[in-house]
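Below you'll find a set of structures to go through.
Each of the two complexes below includes subunit A, the first together with subunit B, the second together with subunit C.
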Partner chain A sequence: MLRVNHVHVAYGDVHILWDVSFSVGEGELVALLGANGAGKTTMLNSISGLLHPQEGEIEFSGRNITRVPGHKIPALGIAHVPEGRRLFPEMTVKENLEIGSLSPPARQKRKETLEWVFTLFPVLKEKQNQMAGTLSGGQQQMLAIGRGLMALPRLIMFDEPSLGLAPVLVKHMFQLIKDINQQGITVLLVEQNVMQVLEVCHRAYVIENGRIVLSGASAELLNNKYIKDVYLGI
Partner chain B sequence: MKKVLINITVAIVAILLPLVFRAPYHQHILITILIWAALGTAWNLLGGYAGQVSFGHAAFFGLGAYTAGILALHYNISPWWGLLLGPLVSTLISIPVGLICFRLRGPYFALAMLALGEIFRLVFINWVTFTNGAKGIMIIPKITMKLPYYYMALGLFFLSLTITGLLIKSRFGYYFISIREDQDAAESLGIPTTRYKLFAFLPSAFITGLTGAFYMNYIAFIDPNVVFSLANVSVMIILVVMLGGVATLWGPAVGAAIYILLSEVFRTRMGAASVLAFGILVCLVIMFLPNGIVGELDGLRKMALRKMNGGEKSGLLRG
Partner chain C sequence: MHLLGQTLISGFLLGGMYALIAIGMTLIMGVMKIVNLAHGALVMVGMYVTYICFVLWHINPYAGMFISMLLLFVLGSLIQRYMINRLVEVDSILPENQVLLTVGISLVLTEVIRFIFKSDYLSVSTGFSGKTVFLGKMSVSVPMTIGFVIAMVFTYLLHLFLNRTDLGMTIRATAQDRDAAVYMGVNVSRVTMITFGLGSAFAAAGGSLLLPMFYLWPDIGHLFTAKAFIITILGGMGSTAGALLGGLTLGIAESLGATYISMGYKDVVGLVVFLLVLLFMPGGIKSLVKR
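== the complex of A and B ==
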């Protein structure tokens, strides 16, 4: 479904991603794991058109989207739940959700999608008229996810959804992402939380200093010696 | 229903006001207030709602004024035609300016716009053959009574308020605010941000140019240091909006009324010290009323509502 081929990204002279290639199949839950500064967010921003790679290609559903500008990406069926949530704090919860469904097909189904998001996150229904800035961190993360879902995406990308959440909530969050995936939406998950992510995802890629160093099914990676040594510390 | 009644009352008061204050000086103050209310409301669309703070709106004000003035100076066409051409020139210039400057964000955008205003001022001072340079342009007005100007200024303000009000209550309003709150998030949700910033910029420049053209006809004298002034136009628009309430529909009008009245009082009572007194007042407002007068009142009203209903009632648009 999503295919990234030999992508290089640089900010000016600073080369961030080196020859990165990976793919996400229809219905999969794939994770991109790595430490701070490995280039995970840069990769997501390149897919969602906020950045454009210097070299390489990004393909979505057989279409080359490497140079498609950011605002046209959601209409193709890709939603991006950005790092740090990036909500509109002075809009209400409901308005934040509504603005997630801008493309004409999503707009037509806005009412039903809203109901669906409210069943996934009942707390958002309760607080729908409250300013988004007044929600707690966990609720804000739910709102960010809900906003992404409002676009009725075929692929949804999460950038560190566990950031700043309490351990209990982190577990809950990953369960939710798994549920969303089971409803038929393909998921690309970017995380540092290696252990918990490997428990929910199908496959994962490990990215270090802008290069993919390891990949495989999650069960395989959980038993990989390198992963155990470097990321799990056991 | 209550809102409609309030609007009708405000309209009737606005129409009757100059019949109560008949002295030309008083009517002049009322007209000045309306000019600044129109300018502030137009600036607020771009600076308040869409969050693109412009320090160079004098460029569009001056362009409108000079379009009217140069029609009279070189082509012997009545400067009233400037009311048609002035806003068109301002809007046309705002397109390339927007496309270039909207690549910049926050303070960088503000500084680029500040430079723009200054560039226009310097060009109009030095391009003597076309603009008459620092000597300025004087016209002989056909209408000398204040009353017709008052109603024109009222129409101008009404136009500014209507355009802004309609835009922010449509989906454009949501897009503007989302761009202000988080441009990258807006972009990644599918909002073409540059295009929507332009949709806020064009009407803003249009009305600012129209007000400039009206100013030329009303004051009958312009020079580049007046209409392209950084302190007395560009910054003053921002102060009017800040005083009344950024991103509130009625804030700029309230701000303009208070600003003009106070500055008249200070000027007549204190002479040169008035600027100092005014500066202190502005500092106090920024410190204690950071949301402006309308913004703070609205906050109080919402708090009262919340207490009464027990629940939360909030909307996208304040004021």
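== the complex of A and C ==
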């Protein structure tokens, strides 16, 4: 469904991503794992069209989206739940959700989708008229995810959804992402939290200094010596 | 006592129209993060359009205002798209330079109008420009009252637009977090262009409503840039409600100055209020409300 082929990305003269290739199949939950500064957000932003690769191609549903401008990406069926949530703090919870459904097909089903999101996150329904900026960290992350779901995406990308959450909430968050995937939405999950992610995802890629260094099924990676040494500290 | 009441009322009415201009500036500032120092020049061009409609084609200024708003919407959008945006696209250029560019645009507009109309003072005199009604013993100007009411209606309509429509919501979203708006599928360059157009249309509306109260000449734009700037600072930058409050404050301050000091010092009073606010209340009126 998503195919990234030999992508190179630079900010001005600073080359960040080197020959990155990976793919996400329909219905899969795939993780992109790596430490801070590895280039994960840069990769997601290149898929979302905020950045464009200098070299290489990005394909979605068989269509080349390498040069598609960012504002046209959601309508293709890709939602991006950004790092740090990036809610609109001075808009209400409900407005934050509504703005997730701007593309015409999602716009048409806005009311139904809103009800669905409210059943997933009852607390958002309760606080729908509050400003998003007044929510707690966990509630804000739920709102960010809900906003992504409002687009009725076929692929949803999460950028470090566990960032800043209490450990109990982190577990809950990953379970939730798994549930979303089981409802038939393809997921690309970006994380530093290697152990917990490998327990929920199907496959994972490991990125270091802008290069993919390892990939495989999650069970395989959990037993990989390098992963154990470097990321799990076992 | 009548004099004070009358002064306060006319200041309030005047302030409502000022607020309309400042709301336009605030809209642009919110989305573009720059102070549009061409705003007064846009007000001035808007006034000339309404003036021409009246003098050449005998179109009532309140109808001419709509023509002027439409034209300024287009002019503002084009200026944003083809002049300001050019600078935004060049990475190495600082946002400060966009502000300088707006100064340049202001000068160009002023000189183009001067070239066409010369520097003569013009004024629109409709049948009722000088008309007043009496409220008890206080006389209240008819065009100021009409202007105020129209200004408030526009402000309310803008409020509805920003809060009840998808396009309005995307304008607010773009102002709050530009990249996040792109993630939502907002075409932020289009939204920025529309916002600049809307802000310019509001400038034209405010200018047209003030036409009966001011002599019209090319340099009047600078006066309005200063007023809009003062109001936005007074209102605490960036909020429509703040601009409204700031506008009313400036209108009343000017009116008091004109009555009790001297007509000629009207604009100076505004500047003094501005300095006092900067010195003692740098957050604007909003900081009082929050406390």
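Just so we're on the same page, the second predicted complex is superposed on the first by the 234 of 234 C-alpha atoms of A that agree within 3 Å, B and C clash if a C-alpha of one lies under 4 Å from a C-alpha of the other, contacts with A are read in each partner's own complex, and residues count from 1 in each chain.
As a convention for this text, a contact is a pair of C-beta atoms (placed from the backbone, for glycine too) under 8 Å apart; a residue touches a chain by one contact, two chains touch by 3 or more.
Remember, it's a predicted structure, so these values are computed and weren't measured experimentally.
With the C-alpha superposition on subunit A as described, subunit C and subunit B clash in the combined arrangement.
Of the two partner chains placed around the shared chain by superposition, subunit B and subunit C are both touched by A:Leu50. Contact with both subunit B and subunit C is seen for A:Arg86 once the two complexes are overlaid on the shared chain. By the document's definition of touching, neither partner reaches A:Val230: not subunit B, not subunit C.
Legend: residue contacts after superposition of the two complexes on their common chain; A:Leu222 is shown touching neither subunit B nor subunit C. After overlaying the two complexes on the shared chain, residue contacts for A:Met131 are found with subunit B alone; subunit C is out of touch.
Residue contacts after overlaying the shared chain place A:Gly70 against subunit B and subunit C alike.
When the shared chain is aligned, subunit B and subunit C each come close enough to touch A:Leu102.
48, 50, 69-75, 80, 82, 86-91, 95, 98-100, 102-103, 147, 151 are the residues of subunit A that lie in the contact sets of both subunit B and subunit C, per the superposition on chain A. The residues of subunit A lying in touch with subunit C in their complex are 12, 48-50, 69-75, 80, 82, 86-91, 95, 98-100, 102-103, 107, 147, 151. Those residues of subunit A that touch subunit B in the shared complex are 48, 50, 69-75, 80, 82, 86-92, 95, 98-100, 102-103, 129-131, 147, 151.
Of all residues in subunit C, those touching subunit A in their complex are 91, 166, 169-170, 172-173, 176-177, 179-180, 182-188. Those residues of subunit B lying in contact with subunit A across their complex are 174-175, 177-178, 181-182, 184-193, 311-316.
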